[in-house]
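In the two assemblies presented below, chain A is common to both, partnered first by chain B and then by chain C.
Right, the complex of A and B next:
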């Protein structure tokens, strides 16, 4: 049973998915011991924002688009939001500013152009999609072929049923002032913060210096599994043989080539390469928006600073959403 | 003071706005224009004559601070219905101010940074008159 929406059922129909579109929520947690990775949105902040704009809980599954260039048709009235990289989207030709929440009427077509200022865009619909969770999450595990929408990337013709069907929808045509995200996102060119990983001490002094001083270029063969970086070769003081062990998204492995790889949302759940660092949780979203071919820098921080950054981010998000809710109530 | 040379312009204005009779009285002088109805022209589609174009207000969607869009069309240029002309800001929220119809954006709207109330007139658009084809 595919779960495709039947004709007449409230749904959105994918006309064109763009380079890669998939159903993602905030990830499948707690299944590492089963060899099942986290998956989930590469920019969890943007998905959370899209959900809060339409009045959903933060973790409701939405659609992650990569590099824009998508088109979809609404087969029911629905309130939706589009966040992340700006695709200069239009709804039946009507322009949508970035970070926007709008009401679509049945039959209207939402189109996104090429993504600017980032790589991934997120569509949330009020009430979410009727997608059956697998192992507690609606995220698509693309490598494993399960979860999300039939365990695969979205294709033209896919009709995703909407949960909030048949309810009267309010008229929405508003969004977030981009400057209101400054406290949450920080400066655009901030370095990616990493904590030292278990084998950090095995890397030679030059490698440890290059990690934080070099400019690393994201290679074209990078994707949701991991980002390959080009830069100075990172060398160990001595050869090590490691048994395969559990790794998490953010882990920076260094294969024999000396060129680091950042493991990301669809990463393998274990690996045997030495790890030099791990990207802190609060900065993973930056990687989700870093474009292939772009450059990044790392900064080494202590674990306490990493935890504090995550806490600060959560507080900034809640403060923003509280202000957003107050403003929405004043407008309604 | 209305001069004879102004009569043609007054006649054009009256015709464009569907005014049948126009009287100007000043300083003891009275000029009256009465427009004869136009000769009936065959029309492929039976339709009522177009309503005289009157400025349509673009009303504020909410209480907040108005800001014109940086790429909004200049006064006197054409706008398409649905085009974003600016925003009203309330806290972190931006509410779109869109052109309600196709038309010409009239004059200068209220200045950026003005605190507006729900329904306040922000801008005006003169509807485009349908051209006979």
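Right, the complex of A and C next:
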């Protein structure tokens, strides 16, 4: 088990976590049959990018901040990167560009302002945090109360120990131009792509049309468990009683109200509401950055298009990370 | 004579999962055994990442790079040939303190079913339940075998907080809440058995195929 870092130990100290901060990696896989959900970063691309900026493997746990407004103190020298939603971060008052990798010196304070243009920001530190994996992942299962940092959201005063403590810390001060993410992220205003699910054909023609033609508003009570959408009520041609079955992040359920719910990282592993579709894997990160109250549109695609989109995204990520690695070596 | 193989319906859930179901029917133990057997068989397929049994269904997570039609065909082949085997599960006895502070809905369940509280408890503890699947929350077992006379519709508005260890009835099902969480099921008792501990191996107390008996540790009608 990990414990609170002792005074003087290499750590970062949370001064203010903002609305919700938690330790997350790319999720807990292989435990659905135990009733244990995925958890993990809501924007896995941004977490991966933060890790690659500091030279970590993609799957190392970082901190997911929600809507910015956080502050933390470095109690040791450390290389860190901040990605995802731009929160106009400052290090001891010095403004950091978004997508930046920087060396913090012991005692320095990193502050995030209100996030703009997105929902979640990710902090990675070179070497990662010393957080013990639970069931194969360092992600916090916020509902289950395990994993991550003591199985809970971060609080003021938490001191997360750094794994790379004691090693020489190089000087870093570099980052990515936001335009360099264009190939990876695609157009910001593109519809969220959806593959039809088991009960798609049981929805009436108006519902199937509304799914892709209407604008859907993300309701304010949405969170890491799921996003509730408001729009035209989606109706079935007949009432169906489903037996409980496995569901996944991205599953779009339609409860009797007709207002869809998109299951996300902290979703339950089983559900019983009719499923009109599922958001494709390549677009899940965009939901993770979609602001509460904002509007989105859906487009229906075939599975083959979903697979192709995931492949294109993986290739774009590889190309970007290869450029990053070359740039980091050149700087070093 | 081999029994006829029931139909299997498959549908994609995103690009990385296939939901396998049979014809809609009341829960059937023989069908559940087929889905357990299917889960075992598909876990050996090279493209399968996870197999998640539900109630008379199975969700199979597959490598998104796998060729879709071939993957579905391989799952269907398993269904056609794997047959069904009963799972030799463990017998788990769950001592319950029925009613009182930790069973605050016992009177409500009694009122809705028209049975005396003691009779609700007698019937609940007389049952032999089979764990069909784990899901919804870590270590929560979906059980079959509730006396139909004990079925009570779920609450219209779920409670925000139901303690882990609460023995509950929801619709035609019963179970034990494994982690303190919101729930719309009715709380008729409490047990101290730990149903999920991530540091234990296996982390879940129950597994599909286990049989469960509830025993009366105490009763406050």
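Throughout what follows, the second predicted complex is superposed on the first by the 330 of 332 C-alpha atoms of A that agree within 3 Å, B and C clash if a C-alpha of one lies under 4 Å from a C-alpha of the other, contacts with A are read in each partner's own complex, and residues count from 1 in each chain.
Rule of thumb we're sticking to: a contact is a pair of C-beta atoms (placed from the backbone, for glycine too) under 8 Å apart; a residue touches a chain by one contact, two chains touch by 3 or more.
Everything numeric here is computed off the predicted structure, so don't read it as measured data.
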Combined model on chain A where chain B meets chain C, clash or fit: fit
Touched partner set for A:177, first chain B, second chain C, both or neither: first
Chain B versus chain C as contact partner of A:30, first or second or both or neither: second
First (chain B), second (chain C), both or neither touched by A:279: second
Contacts of A:205 with chain B and chain C, given as first, second, both or neither: neither
First, second, both or neither for A:168, with chain B first and chain C second: neither
More chain A residues in contact [chain B versus chain C]: C
Contacts of A:97 with chain B and chain C, given as first, second, both or neither: first
Overlay on shared chain A, then closest C-alpha pair between chain B and chain C (Å): 29
Residue ranges of chain C touching chain A (in the complex, touch as defined): 9, 11-17, 19, 21, 24, 27, 39, 49-59, 61, 64-65, 68, 133-140, 142, 178-179, 181, 196, 198-199, 202-204
Touching residues (chain side chain B, partner chain A) in the complex: 61-63, 82-84, 89-96, 98
Chain A residues within the chain B interface of the complex: 93-95, 97, 173-177, 180, 320, 323-324, 326-328, 330-331
Residue ranges of chain A touching chain C (in the complex, touch as defined): 29-30, 32-36, 134-135, 141, 143-147, 195-198, 240-248, 250-251, 268-271, 275, 278-281, 303-304, 306-307, 310-311
